[in-house]
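First up is the structure itself, then whatever we jot down about it.
Chains here go by letter, A, B and C, matching the order in which they are written, and residues are numbered from 1 within each.
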Amino acid sequence: MGKKLIIMKNITKRFGDNLVLDDFNLYINENEFITLLGPSGCGKTTCLRILGGFETADEGTVEFDSKIINNLEPNQREINTCFQKYALFPHLNVFDNIAFGLKIKKLDKATIHTRVMDILKMVKLTGFEHRAISTLSGGQQQRVAIARALINRPKVLLLDEPLAALDLKLRQEMQYELKEMQRELGITFVYVTHDQEEALTMSDTIVVMDHGKILQIGTPEDIYNEPNSRFVANFIGESNIIPGKMKEDYLVEFFNKEFECVDKGFKKDEAVDVIIRPEDIDFVPPSKAKIVGTVDSLIFRGVHYEINVMIEGKEITIHTTKYRKIGDKVGLSVEPNNIHIIKHIKTCVD
Amino acid sequence: MRRLRPYAVPYLLWMGLFILIPTIILIILGFTNLELYNIGVFDITLVNFSIFVQDQVVNALWNSLSYSFVTTLICFVIGYPVAYYLSTLSEKKRKILLAMMIVPLWSNMLLRIIAWEKIFTPTSIIADIFGISLDLLGTPTGVLIGMIAMYLPFMIFPIFSVLEKMDYKLIEAAKDLGASDLQTFVKVTFPLSSGGVVSGVIMTMLPAMTSFVLPARIGLGKINLIGNIIESKFMKEVLGSSGASINQGAIISLLLMVFSVISFVLITRVDKEGETLI
Amino acid sequence: MMKLSLKRKIIRIIGLSFTVLSFLMIFTPILVILVLSINASTKGYSWEGFTLKWYLELFQKDVMREPIMNTLVIAFASTIIATVLGTMFAIGINALEKKKRIQMMVINNVPVVNPDIVTGISLMIVFSLLSFTLGYYTVLIAHVFFSIPYVVLSIMPRLKKLDPNLYEAGLDLGCSRISGVFRVILPNISTGIISGALMAFTMSIDDFIITYFTSGAEYMNVSTWLYATLSRGRSFTPAAYAYNIIIFAITIAIILFVNLKRDRKEKTV
C-alpha cells in the first residue's frame, strides 16, 4: 500500500434535520480499492459526493495529496466519478461522451482521437464510437461511463453503485473487469455499494457504514471472519447470533453448554452475543454432539442446502452439502476459531 | 443540480414585484380613499363598497356569474365528449385534430369577435353568401355563442391531455373485474380525468367571467360584465374621463381575485405543478 | 369484437358530432376573416368580388404600419427575453428540493390562471407606482411577464426527465458552473425551449387585454389599435383581416416546420 492520498477528518453533514454523516473519519491509500458498504441511507453516497465536490461538508476537512480541498469545485479536482445510472449525455454519441473531458481541456483533435480509441479498446467497445447512447445495453453504457471518467486520468475514481442496474451474470463479469482495471491502471477506486458480495469480491479494504458512522474497517477477510458487531455480522453474509455468557477467557457458554473459543478480555459471566456463520456448523451424530436439534425446514440452494435446525426453541441456520430430512434429529459441532464473541447489545428484537 | 438553485431566486423577486405588491396596493386602494396618481395621506374607509348597490354593478356581477356559468356548463357538455372522442383516435389523427384546434387561437382575438359580430348581423356577408340571416347582436344568445366558441378549446385541452395520458390498462382492469362500459366510465375513467375537468372548468370560467370586449361588441354594450365595469373604472381614469374611480375598480378587482384564489386552490389540489395548464 | 355494439356506436356518433360542432364553432370566425380579407367591399356587409388589394395595401399604405411594427417588435423582443429568463428560472426551479419546487411552480402558475384583466391591472399599478410612463417599455415588461410562466411550463417536463446527475457529470469532467449549463443541460432541453419560445411569441402577437392596460393612450399594437378605432365608432380597413391571415399563415408554417424537423430528428436518434 502506498501513502495516504485522501484524509477525511471529522466530516459532519446534515440535510435539514437529518444527520447524514456524523463525525466521519477515514483515510484512503494510494492505489487502494476501498468500498463503502452499507444499507441505503447510511451516508455512503453523501461521502462519495463530498469527495467528488458535489456536496460540501458542514464540518470537518477533506485532504487530498496533503492539501485541503473542501472548497475546490468538482472540475478542479483530480477525481472523476462514475455515476449511479451512469449519467451519460443523451445528446452526444459514445465518442463525444468519452471525449467530453478532453475537449473541455482543449486537447488537439488527434490526441483526443487516439486516447478515445485506446480507452474504447480497454473497455472492449471498439467500433461503438458513433453509436447513440440510447441504443446501448446497460452493460455497454456502464463501460462508456467508466471510459468517460478514466480518460481524464484521475488519481481517484469514485464509483456510485455502478453495477446496481445490471443483471447477475453481467454484474459478476464486471466485478472481475473492474478489479483488473484498477490493478492495471494503478488508480485509487472508491466504490459505493449495498451489495456485500460485490464488496467482498473486489475490495482491498471494506468500510461498513450505518447511520452516518463507520462500524468497521478492514480487509474482506477481517470483516467476514471477525465482525465486530451484530450489525456487521448480519449485513455481511448470513449469521446465527446466539445469546451467551462468557465463563472465562477462551470459554463461552450458550445453549447451556460450554464451548472453547479464541476470544478473551470479557468480564466473568458477562452476557455476550455468539456469532456463528451457517457454513461453519457441521453435522455430527447426535450421540457425539454437545448440541442436538431437529430439522425444521430445508431449502435446496444449488451449491448447498440451507437447513434450519430448532434447538431449545431457537432456530439455527446451517449451510451444508449433507442432506437431512425434515424432522431428523441432528447433532451440531463448531470449531473454536469459528465462534466469534461480541459484546451483547440490547435490541428490541430479543 | 444543487448549485443551480440560485437561478430561481430572481424569479421569486420578480413574481413578488408583479403579483404580491399590486395585490397589497389593490387592497389599500379598495379600503381607502388613496389616489393612485397622487399618493399622500389617506383614510381607511368602506365608502368604495357603495359601488355594490349601484344597479349597473349588481347587474354586471349577476351577468358575469350567470354567463360564465352557462358558458362553462355548455363547454363542458360539448367539450368532454370531444376530448374523450379525440383520445380514442389513432395517434396520427389525434395529433392532426388537436393541432387544428390550437391553430385558430393564433388568430387575433379581437378580429374573431368582430367576425362573430358580422355573422350575427342580419345583413351580413354571411347572409349575402350563404343566405343564412342571423339577428343576434345585443342578445344573450349571441353573447353566449360567442363565448362558447371563444373558450371551448380551453375546456377541451386539459381534459384531453389527462385522458390521453391515462393508462388504458386501468380500463381493461375495470372491465376484467366485471364493470360494464357505463360503470367503467363512471367509476374509473371520469374520476381519473377529474383533474383535467377542474382545470378545464377554471380555464373556461375565469376568462368568460372577466371578458369585456366580447360583451361590449356582440352585446352592443347592453350586456355588461364585471370586466366592463373594471375597464370603465380603471381605464377611463387613465384616459381621463368622468365616472371613473380606481378605488371602486380596486374593490371589484379584489372580488375577482377572490374567485382567482378559489380557482387556484382547486387547481393546485388536482395538479400541483400545472401540467394540465398548457 | 369487430362489431361494435349499438350502445357504443351511439356514443361514437355523439362524440363525432360534438367534435364536428366544435370545429365548426372554432373555425367559423377564421373563415369569415379569410373571406373579409379577399372581399372587394370596404364595409364588409356583402360580397363584392375577389380581390387581393387589402394584402397589397398592407405593404403600401401607412395606416397600419405603426401598430404592426409595434406588435412585431414587442413579440420578438419579449419572446427572446422571456425565453432566456424562463429557461434560467426553470433550471433553477428544477434544482430545488421537491417541496420548494412545487411552491415555485404554484407561483409560476398564478399569471396563467389569473384572468388577463387582473394581470393587466396589477402590472399597471406597479408601473404607476414606479412612475414609469406607459408605452413601449411597460408593454415589453408586461409581455415578458405573462410569457415567462408558459416558457417555464414547457421546459419543466424536459428537465424532470433529465438524470439529476447529468449536470454534475459535466462538472466532474471539467465544466465550470456556467459552461455545464450550456454544454450539458441546454442541449437536452432544446425542444422544450423552442416550444416555449413559440408559445411566448403567439401569446404576445395576439395579446389585447394586458397590452390595453399597460400601453397608455399613445402606444398601440394591432389589437389595441383595432379596439380604439372601433370604440371611436369608426370602421377600419379590411387590410387588418389581411394582416391577420398573413400572421396566421406564418405561424402555422413555423410550427409545421419545427414539428417536422423534430419528428425527423426523433426518427434518426
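We adopt the following convention: a contact is a pair of C-beta atoms (placed from the backbone, for glycine too) under 8 Å apart; a residue touches a chain by one contact, two chains touch by 3 or more.
Everything quoted here is computed from the prediction, not taken from an experiment.
Most remote chain with respect to subunit A, judged by CA-atom centres, is B. In terms of Cα centroid distance from the overall Cα mean, chain C ranks first. The interface with the largest number of contacting C-beta pairs joins chains B-C.
Look at where the CA atoms of subunit A average out and do the same for subunit B: the two points lie 59 Å apart. With centres defined as mean CA coordinates, subunit C is found 17 Å away from subunit B.
Rounded to a whole number, the gap between the C-alpha centres of subunit A and subunit C is 54 angstrom. For subunit C, the set of residues touching two or more other chains reads 168, 177. Looking at subunit A, one finds that residues 54 touch two or more other chains. Under the contact definition stated at the top, the residues of subunit B that touch 2 or more other chains are 2. Within the complex formed with subunit B, the residues of subunit C that make contact are 7-8, 12, 14-16, 18-19, 21-23, 25-30, 32-33, 35-36, 39, 41, 44-47, 85, 88-89, 91-96, 101-102, 104-118, 121-126, 128-129, 134, 145, 148, 150, 153-154, 156-157, 164, 167-168, 177, 181, 199, 202, 205-206, 208-209, 212-213, 216-217, 222-223, 226-227, 230, 240-241, 244, 247-248, 251-252, 255. Taken together, the subunit C residues at the contact with subunit A in this complex read 163, 165-166, 168-177, 179, 183-184, 187-188, 269. In the complex of the two chains, the subunit B residues touching subunit C come out as 1-12, 14-15, 17-19, 21-23, 25-26, 29, 36-37, 78-79, 81-82, 84-86, 88, 97, 99-101, 103-116, 118-119, 121, 123-126, 128-129, 145, 148-149, 152-153, 156, 181, 202-203, 206-207, 209-210, 212-213, 217, 227, 230-231, 234-235, 238-239, 249, 253, 256-257, 260, 263-264, 267-268, 272-275, 277-278.
Residues 52-54, 73-75, 79-81, 83-91, 100-101, 104-105, 132, 134, 148-149, 152 of subunit A are the ones touching subunit C in the complex.
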